[in-house]
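To keep things simple, chains are lettered A, B, C and D as they appear, and every chain counts its residues starting from 1.
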Amino acid sequence: MGDGSYVFTLEKRGYVKAGKFTPEAACEHPDAVRQLAREFARAGADVTQTFTYGSTEGKLEGCSFSAEEINEAACDIARGVARESGTLVAGGITQTKAYTYQQVKDKALVQKEILHNAEVLIKNKVDFIILEYFRNLEEMEWALEVLSACGLPLLASLCIGPRGDSAGILPGECAVRMARAGAVAVGANCLFDPFINLSVLAMMKESLVEAGLDVHLMAQPLGFRTPDGGRYGYCDVPEFPYALEPRTVTRWEVRKWAREAYSLGVRYIGGCCGFEPYHIRAIAEELSPERGRLPEGSDKSDHDLSLMRKICDSYTGKKDVETMYGSAKCCPNYWKDMQPSTGRPKSSACSTVPDPEFPASF
Amino acid sequence: MGDGSYVFTLEKRGYVKAGKFTPEAACEHPDAVRQLAREFARAGADVTQTFTYGSTEGKLEGCSFSAEEINEAACDIARGVARESGTLVAGGITQTKAYTYQQVKDKALVQKEILHNAEVLIKNKVDFIILEYFRNLEEMEWALEVLSACGLPLLASLCIGPRGDSAGILPGECAVRMARAGAVAVGANCLFDPFINLSVLAMMKESLVEAGLDVHLMAQPLGFRTPDGGRYGYCDVPEFPYALEPRTVTRWEVRKWAREAYSLGVRYIGGCCGFEPYHIRAIAEELSPERGRLPEGSDKSDHDLSLMRKICDSYTGKKDVETMYGSAKCCPNYWKDMQPSTGRPKSSACSTVPDPEFPASF
Amino acid sequence: MGDGSYVFTLEKRGYVKAGKFTPEAACEHPDAVRQLAREFARAGADVTQTFTYGSTEGKLEGCSFSAEEINEAACDIARGVARESGTLVAGGITQTKAYTYQQVKDKALVQKEILHNAEVLIKNKVDFIILEYFRNLEEMEWALEVLSACGLPLLASLCIGPRGDSAGILPGECAVRMARAGAVAVGANCLFDPFINLSVLAMMKESLVEAGLDVHLMAQPLGFRTPDGGRYGYCDVPEFPYALEPRTVTRWEVRKWAREAYSLGVRYIGGCCGFEPYHIRAIAEELSPERGRLPEGSDKSDHDLSLMRKICDSYTGKKDVETMYGSAKCCPNYWKDMQPSTGRPKSSACSTVPDPEFPASF
Amino acid sequence: MGDGSYVFTLEKRGYVKAGKFTPEAACEHPDAVRQLAREFARAGADVTQTFTYGSTEGKLEGCSFSAEEINEAACDIARGVARESGTLVAGGITQTKAYTYQQVKDKALVQKEILHNAEVLIKNKVDFIILEYFRNLEEMEWALEVLSACGLPLLASLCIGPRGDSAGILPGECAVRMARAGAVAVGANCLFDPFINLSVLAMMKESLVEAGLDVHLMAQPLGFRTPDGGRYGYCDVPEFPYALEPRTVTRWEVRKWAREAYSLGVRYIGGCCGFEPYHIRAIAEELSPERGRLPEGSDKSDHDLSLMRKICDSYTGKKDVETMYGSAKCCPNYWKDMQPSTGRPKSSACSTVPDPEFPASF
């Protein structure tokens, strides 16, 4: 089980700049980052990922720290928390500046950048590497190739939806080619709604099975409901990035999703932007029968609704509080099937995303 | 400017039990509580409130710490953060067990309980006392009376809506009587939507002006949109307490509200359940012209949308990213007027609250 | 029991010009008008109103018929249908050109116009006169005064909401003054949602009772749900006038409203714009216990859901059709409590009406 | 261009029994049926269809008229209106009792029933026959086969969605096989949202092109928005059949759809349940450039928004009416892009349809 979102969660706490989403907090406010990493561990994460999202030279404009310094600090924090809590350390590498900003993609340059960023991780003895938030299969293949010699397990996760990567290569083919390029686990992270992410994983699984490839599936979707997202998923909705709150997944939506992901065969389950500690805990709680235990943090969680039942019982017959604590609220399905309201009569359920590839008439 | 929500925010972080909402984390996980207090200070809060919500003997069933121990620990944390960051310490006292659970209200018992809880605060030299989350004017008056001798400024805040306290005493009368009972500031906190809270404050102000009373107004509303709440505000909506996410206020809704509150004359502005550090920062940013400064935490905030403007400019003409970064997003009004979507086509904007006193036909 | 909407219903049928809403169809397509009048009678209306809405010289620009010709034709149609079906004929008079378009209101001119329009009705021996769709109490008082000598019962209905007439005179005072000016029934029609209309009627009733006046109450509200209307009710919503369909009341919402209206003491119950024959039938069906009979048209209505029950029973156990005909659909409350969907995920429940007098923050 | 809905429209007028939806009004209230047929002709329909929906022995339980009598009367009415207005008469035949209610489908029985119903039409010299509201390709093929000898053009329309007919045969194959069975036009009618209907037609077109078959496409979709329908389309939504109003298409949604249908190559364009005369007129107005004329009924239609423009201009600067008549309302796109509100804050945009084949997590 993976952990959750550093960038978005620390933004709400005041340590990451909204809109920029860079990880210099590892240097500037290590206590705040460490606190969050501990919360994820306490919530049941088996992995502590280094807070190195987007940390590559040339993508950190205006930071007073270099990518190397940030990555070093991030490794320190992750290692420390892992030691305390028994988690594994995942070194995170995201898409390169070389691939993103160059018109002509220079394989050597991309691989050099990947290797450079990996060195800090390897030196810090991370347990494995997650290549994530890549939008292009080609770049991912180059990364897998250049890292194949490092001796560490490589997990490969694209930030794609059902329409595939930037070049239009569909999820199934992406999965097969990432597996063939050496990834021990393949999947998708970020940008898309958890349930859209599931449909991507289903496509990946089908192609892997067809190709007779036996790798793990991993899912770290967005923590927001965005059925109306566009090519870039939630980046295309009008609420991005400063008014996404109403789209935040509930703990029970997470449980529903985690159960479906597990049933599909996904075995690395975590979250990306929007997943806070209580969301990660919800995964651990939903899968506690399979994992054989509850996470430490469940001592503060009404995961089985037993507290709710106690409250409801105590209020039965007290007319003025019955509406808040009706017995329906004691059933998991009440929460799993809930379609929660925004409390905003003027807001629509979905937004109009001006995506020219989408049917106009939905 | 006040700070935000400890109970709800720490629940999401895994340190407060959902449904129970008691503050034993001050003893169990002081680092986590301290971290949050620091975040509020960094966000611009002038006050650090002790995390003593609901901490009174007999309301802590199942805790391994006594109310005294918790209150002591909470004072330590608040004092420490205040020292670092220059905030004032507010000692918090909430409604008593004696008043809440007894059929016949025993004034002596209530006052004894209030005094007992206040002693720890006074001993720890808090700068002032906030009496909050009282549902009954009567209990509040008793509390103000018994604390009048303590020498500390008393701020009095009821958790009421426009229909008044439990006994039906309207907000205007509540404000006048709290002022006459010695409160230096009066207002309303929790349970109700920020904009409903404003209407309560407006009623209070009108009566205070009529009565010729000159006390401050304070507002610490709920961080959720709940126009459809009932007598107990958000407690009555079907989403309470495990699916409130879509109702969470955005930073720009907070700014809109803070501006309206300031215009109404409210001078103690903070938040209750649902207000996270970035919400508090939004208050400080909205009122920065009046305060003459931005909070420390604004170094990580795109409060004036200048970063957004820079991004939009850089993307102009790049068709595939124009939908995410259209120039409209650079205007504060885009965000202030936004009616954000839930991303859930099956959810209604408001819930059906079975409140018998409400008109059936809304 | 009154009848329903001619203007809006005939617009949908192709005989009234959208946006203009004038009644020349009485001359141009008398068969179409007659057919609709028959449908209302068949639906249970006790009254056939002349289709003379807005028919006054100077408001008919571009028509090839004069107001007199139209009014004459409308009387013929109404009289014919009344003869067939036993209804009473109500002559309708709406607000004057003289009052609407003149800056300085000239009482003599207004009264002359009213009298002129009334003459055709009186000559055609209508059973009583309904003065309706007046926005100003003053104009209504002048009309009642000048018609007091005609010997016919006068019913007076303003198109106002809870904020009163154009001059801000509240519904209660309006009712009292209309009663004192000689109206045998007073009330409100058009512009506002049925349930807002009810609140207006409630205000009227209270003042009439206080004043010791014993006149009937009449209600002919809008057939659209517009809680978000402005000063001019539904005219202020963005959907007016070409996209109001999703706001159309259902037959069961009409029944709910009719029941509440009856309970409030309203005894002239009909509908205005948006009320089609099946809506009028729903009133008659809801009030059939009080009226002692069902309307003729109920032979084609599943008013008691007995047909639905039969269908449901026949499908029980047939899994593929159970979702359409589940047993819940056999209960009146299923339909009365239904919150029907638009089927448009991008539409909001309410619109943003830019009414400067409305609170900005709803 | 086809006409619109008889059953649903006459239900609202009080002549068809809700829930039963049988056409005995042709005998009982011929004037009401004739009036509606005239309205469709006036709205621009080139075709007057006989009101014979569902009229087959054994599906008329409780009627005091036989299918033959009804069909005869329906032909009389259609022929009369066609003579007046120059339309063609389409004889309508819908699915058989023999196929619907028998477990084992008996081809001879089905064909006998079809032939029997066709005889009245043929005797009455209809211009062509529309076989519509068939849920099964097999039954349709049998019908086409048995009618092939009658010498009349046969148009074949299934009431299917993208998932195909009852047996799961996809739209493309259905179209090809209906064309091969002798239909001169093939398409889909009823049950599904206009825009879902379009996707069905697109699938049909693709297969026809592939198969090199040159037949016309015809579309007569539902007049309700039901993206959330199930296997049986709108029959599966909770609002069916007594609370569908909020789903009614607007005239501008119809225009948008008609334009897309025409662009796709559909040449027989009409409407099914929910399409009222003004909807049919909207098709004729949208396609007036192609048709070279406006329908007669456009004399009462603000189809080019010129009246709206005149009104807006006259109100410019009058602040109190500017919200109703802002200049935006003069643009067709204002109306085409409108996402109209229900005016019901507690209603969701879409319903929860318990269709086991649908993904649980939309």
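As a convention for this text, contacts are C-beta pairs under 8 Å (C-beta built on N, C-alpha and C of every residue); 3 or more make two chains touch, one makes a residue touch a chain.
The structure presented is a predicted model; accordingly, all values stated were derived computationally and were not measured.
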item: Reaching subunit C from subunit A through chains that touch each other, fewest steps; value: 1
item: More contacts between chains, B-D or C-D; value: C-D
item: For subunit A paired with subunit D, centre-to-centre distance based on mean C-alpha positions, whole Å; value: 47
item: Gap in Å, rounded to a whole number, between the CA centres of subunit D and subunit C; value: 31
item: Subunit B and subunit D: spacing of chain centres that average the CA atoms, whole Å; value: 56
item: In subunit C, residues with contacts to at least two other chains; value: 227-228, 339, 345-352, 362
item: Footprint of subunit C on subunit B - complex, ascending; value: 195, 198-199, 227, 256-257, 260, 339, 345, 348-350, 352, 359-362
item: Interfacial residue positions of subunit B with respect to subunit A in the complex; value: 11-20, 31-32, 35, 39, 42-43, 193, 224-228, 230-232, 235-240, 242-252, 276-278, 281, 297, 299-302, 307-308, 311, 320-321, 323-324, 335, 338-351, 353-355
item: Touching residues on subunit A, where the partner in the complex is subunit C; value: 228, 345-352, 362
